[in-house]
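The structures considered in this document are given below.
Both complexes shown next keep chain A, but they swap its partner, so chain B is in the first and chain C is in the second.
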Partner chain A sequence: MANLGPADYSPYPVATYDGILTPPEGKALLLTDIVDEEVAMREIARVMLTSENATIFPGPQVLYAWNEEAKKKATLIKEMAEVLNAKMIPMYDYRPKYPKIDAEVEINPNHPNLTIWHNNIKACIFIGVHCHYANVALKIVRAETDCYTSAMCALSGHEDAMATIRDQHSEDLARFIQVAREVKQELGK
Partner chain B sequence: MSVDIYKINPEFRDIMPKEILDLEDNATWYGEKRGINDLTDKKEILEEHSLCAGCPEAAALRYILASLPTPSETVIVNSTGCTSLMFPHIALHTVHSLFGNQNAVASGIKRVLDWRFPDKTKDVVVLAGDGATIDIGLDYTLQSFFRQEKITTICFDNEVYANTGGQESGSTPKGQVFKMAPKGKVFDKVPMWELAVTSGCQYSVKLTASAPKSVAKVVREAILIAREMGPSYIHLYTPCILEIGLDANEGLWEMKEQDKDRFVSFKYVSPEAEEYLKNCKKEGIL
Partner chain C sequence: MSLNKTLVSMEYLLKEAPREKHFITGAQAMAEAVKRASVDMAIAYPITPQSEVMHLVGDIYAQGHIKEYYRAEEELGTMSAIAGAARAGVRLFTATSGPGLLRGLEAIVSWPGHRVPCVLGVLTRVVNAPLSIQPDNIEMAYLLHSGVVLLHAENQQDTFDMTLAAFAITEKVDVYIPVAVATEGFFVTHAKGYVDMTSEELAFNEPDPYAAPVPAMDNEVPPARIQRDAPVQKSNFMSYLIHSVWQQEIWDSNKRAMKYIYQYLGGPIEVQNPDADVFVLASGCAAAQAREAHRYAQEEELSVGFIKVRAIRPFPKEEIRAALKNAKKVIIPEHNIIGWLATEVKAAIPNSGIVVDGPRVYGGMTLPVELIMEQVYMALGMKSETLQA
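So, the complex of A and B:
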């Protein structure tokens, strides 16, 4: 089991206990601070590039080709994983798994900590996970692991992630990839 | 919504597990002729389940899922009970309602779907146990029939509240003793299939799950009738082998026995629905 998480970032497993809310439009949330999107993007890229076993968790909204935007995002997320030197583990559905999940190949919102413990993941990005399940999973990860979580959300963001950027559509992902490339160069990775 | 929601983006195929790739490659979805014969060589929509070994309810659910005319356009509404342990494992839209109000929830869903997708055919199928359908939810069940809601209601009748230890239900036969009903049932089994007819169902059938092809035929007919005509009802015997003291391999035997006793076949089809089914056969839909 990894070290417990909240001590690193917050004493509570639920961010709203700390008075943390989702960021306003055009802004991002970095731990407890509201910041400009670019600041959050740079920090997410830095954490992903410098943490052990950085992993992207794509959810059903980007895994399946259900509309044109999802197809565009899939290409960009693949590129993002290459730029960040990150692994990808899918959250392909939300069904509970019996007798247990295979933590090497999937993450499940009902016990996401198992995947993070098993793979010793120290930083991750949630993307394309439906908000209600992202909220559940991020709370469990926050309470049970020391993983730095980032949420790239197409809607209003997730206060339980360490970093969250909201209203992220394909053009915003392209911008993030560009920022990540710059950070990577600065870090000499 | 369309079957596209099950198509995996090619960028992610290398990280998806086999069961999900199989769902895309080898399951029957919209537009294909599908049926229980697919159970032998196609990917099932029910991935796995947590019911007891040999549970007839699990087999019945597999037959039903394989018989849905268009699974990708189907919403299943379920209720508390043994069945609700299986629904999280289905790769379809399922809604778990509060104990007993499944037909009220299904009515709302069906109406909204008709409003939201006027050019598509959406099926809403209620799958609930006898406790939810006949005892706790009887009001909601019958009211949906009175209102002529275009939904299909399937009752998995195991004649007992099984997963709470064995209490008698309205569907328990007279005299039956259970662990939590030691004096035996005093009243007769509620004839829900007859109430369904009286309450306005266009189609009401009572059968056991002993014959997969019969279950498949009835499910298709009931859903087609619900699309066009009004409510349809299927009363399906799926015994709880644990509560009546049978082994895992004895469920089929029990259902075959009851084919000749309490669950001797009952089928009502309204004259209009009968005419409609004939047309469906002519058009090759059935």
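So, the complex of A and C:
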């Protein structure tokens, strides 16, 4: 049986019901607090480095080489995974997977909890997932699992992630990797 | 843009660009906003009183302000075509009225879930038999639970500003659901008022289909070779969960629109005389009459305040609750029989007993200021000549 999150099976306690919305430009959201980007970056790195089976979920916007920025980001995400000692499981498209998802090798926005349950993932980063699909996935993960979710978004962020940083482009990912290296050294990981 | 317009941000267009005063109808005001919005495509089916707007939009298409425009087969076809065009990542406008809105409603309620950004003009008219083309905003009640962002214009100026703002709000990545701009047919669409307009040389920046929460259906360019809204029709808990969070996401998007209503329109409500004992609260055309009642009351030195509600969805519950915190009565005049605004306000405040239902007019009737003043006098414990008679 799955480990349930604080909301049990109910999908209803989404963040906006508590008045929490996406962070303003230049800021990040850490649970209910608006914080500086660097504070959120450090916390994401700390959680990823100290949680079981930390995993990065790269989405279509960084999985396909559809522009130069996507190629740069993809390279940086591989580096990020190495620094965070994290696995990578791709969300390569958005179709619900019937009759059954192969939870070993992919995650899907319509039933992301299956992959998280199967792999016992306790911390994750969503990156390169189109915002609508990231939002529905994060709501399900929030409701159905005890996984700590982070969203590194190229646009306006995601209030249903436990940590979200917005407007993240390749130079910001490079900065995050640097922060993660520092945190890793501090933790002796 | 073939007309060599200068493309600018909506912030500049609404708040900083120089304006000139024009004396135009509400239909002209809506079409003039469309002219400045770098619209890629307009699709519509004619119905009175919307036909005035879409006729004018047809004119501006012929002048080159819009890239594509066509008359669909009817409203369900219109609204379905809008959903299809949205998947290509283009900026869209349509408008309808009363029975046309209801005919298109099946497609309209699917727009938010499909993350269709578009602007829908709603030029209100009666919907029920016997057939009539007269103004009455009961059709807006059917949009309240559709998921779309719903703004209600008081006059021609609002129609211009709200329609322009709607194009920016609908495309915000954390909103990306349709924005409807409603105003009363005939009372606003066919009547002239002063409108401060920006130059038509200025137009809103063109849309960026890649700055979207869903991939555009460009089948030649990855990562778009993706089925976007696959059905989730399996009868199992997982399917129910998918649909429930999808619905939550629509309403979250609706809530997120509020910050942009503040940014572009100065907020969802306007309050005058906030310390008054009695308030007149209204939206749309009724707000114009309520504003006039407030002026009468000021002249008579009565303790009467005025609240205009600009945003019907997201509904400004907290703002209205705060504005009515110390009110003894709130009078809610409306242009419909059911009183959907009064119902919304009652649900928003803890002391719903202070709500005076009405006065309401419908079926095309006008809303004389005297009707509102009678309620004001009663709320203040005064006698009115009409009531005495």
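The working rule: the second predicted complex is superposed on the first by the 179 of 189 C-alpha atoms of A that agree within 3 Å, B and C clash if a C-alpha of one lies under 4 Å from a C-alpha of the other, contacts with A are read in each partner's own complex, and residues count from 1 in each chain.
Convention: a residue touches a chain if its C-beta (ideal position, glycine included) is under 8 Å from a C-beta of that chain, and two chains touch if they have at least 3 such contacts.
Just so you know, these numbers come straight off a predicted model, no measurement behind them.
Once the two complexes are laid over each other on the shared chain, residue contacts for A:Y133 go to chain C alone; chain B is not touched.
In the overlay built on the shared chain, the residue A:Y64 is in contact with chain B and with chain C. When chain B and chain C are set side by side, the one touching more residues of chain A is C. In the overlay built on the shared chain, the residue A:Y98 is in contact with chain B and with chain C. Legend: residue contacts after superposition of the two complexes on their common chain; A:D167 is shown touching neither chain B nor chain C. When the two structures are aligned on the shared chain, A:I77 is found in touch with chain B, with no touch to chain C.
Contacts of A:T22 after superposition: chain C is touched, whereas chain B is not reached. In the superposed model, A:P90 lies in contact with chain B only, and not with chain C.
Of the residues of chain A, those at positions 63-66, 93, 95-96, 98 touch chain B in one of the two structures and chain C in the other.
Of all residues in chain C, only 115, 172-174, 176, 211-215, 221-223, 226-228, 230, 232, 234, 238-239, 241-242, 244-246, 248-249, 251-252, 255-256, 259 touch chain A in the complex they form. Within the complex, the chain A residues that touch chain C are 11-12, 14-16, 21-22, 60-61, 63-66, 93-96, 98, 110-111, 114, 130-133, 135-136, 139-140, 143-144, 155-157, 159.
The part of chain A that touches chain B in the complex is made up of residues 58, 62-67, 70-71, 74-75, 77-78, 88-90, 92-93, 95-96, 98, 102, 105-106.
Those residues of chain B that touch chain A in the shared complex are 4-12, 15-17, 20, 47-48, 50, 88-91.
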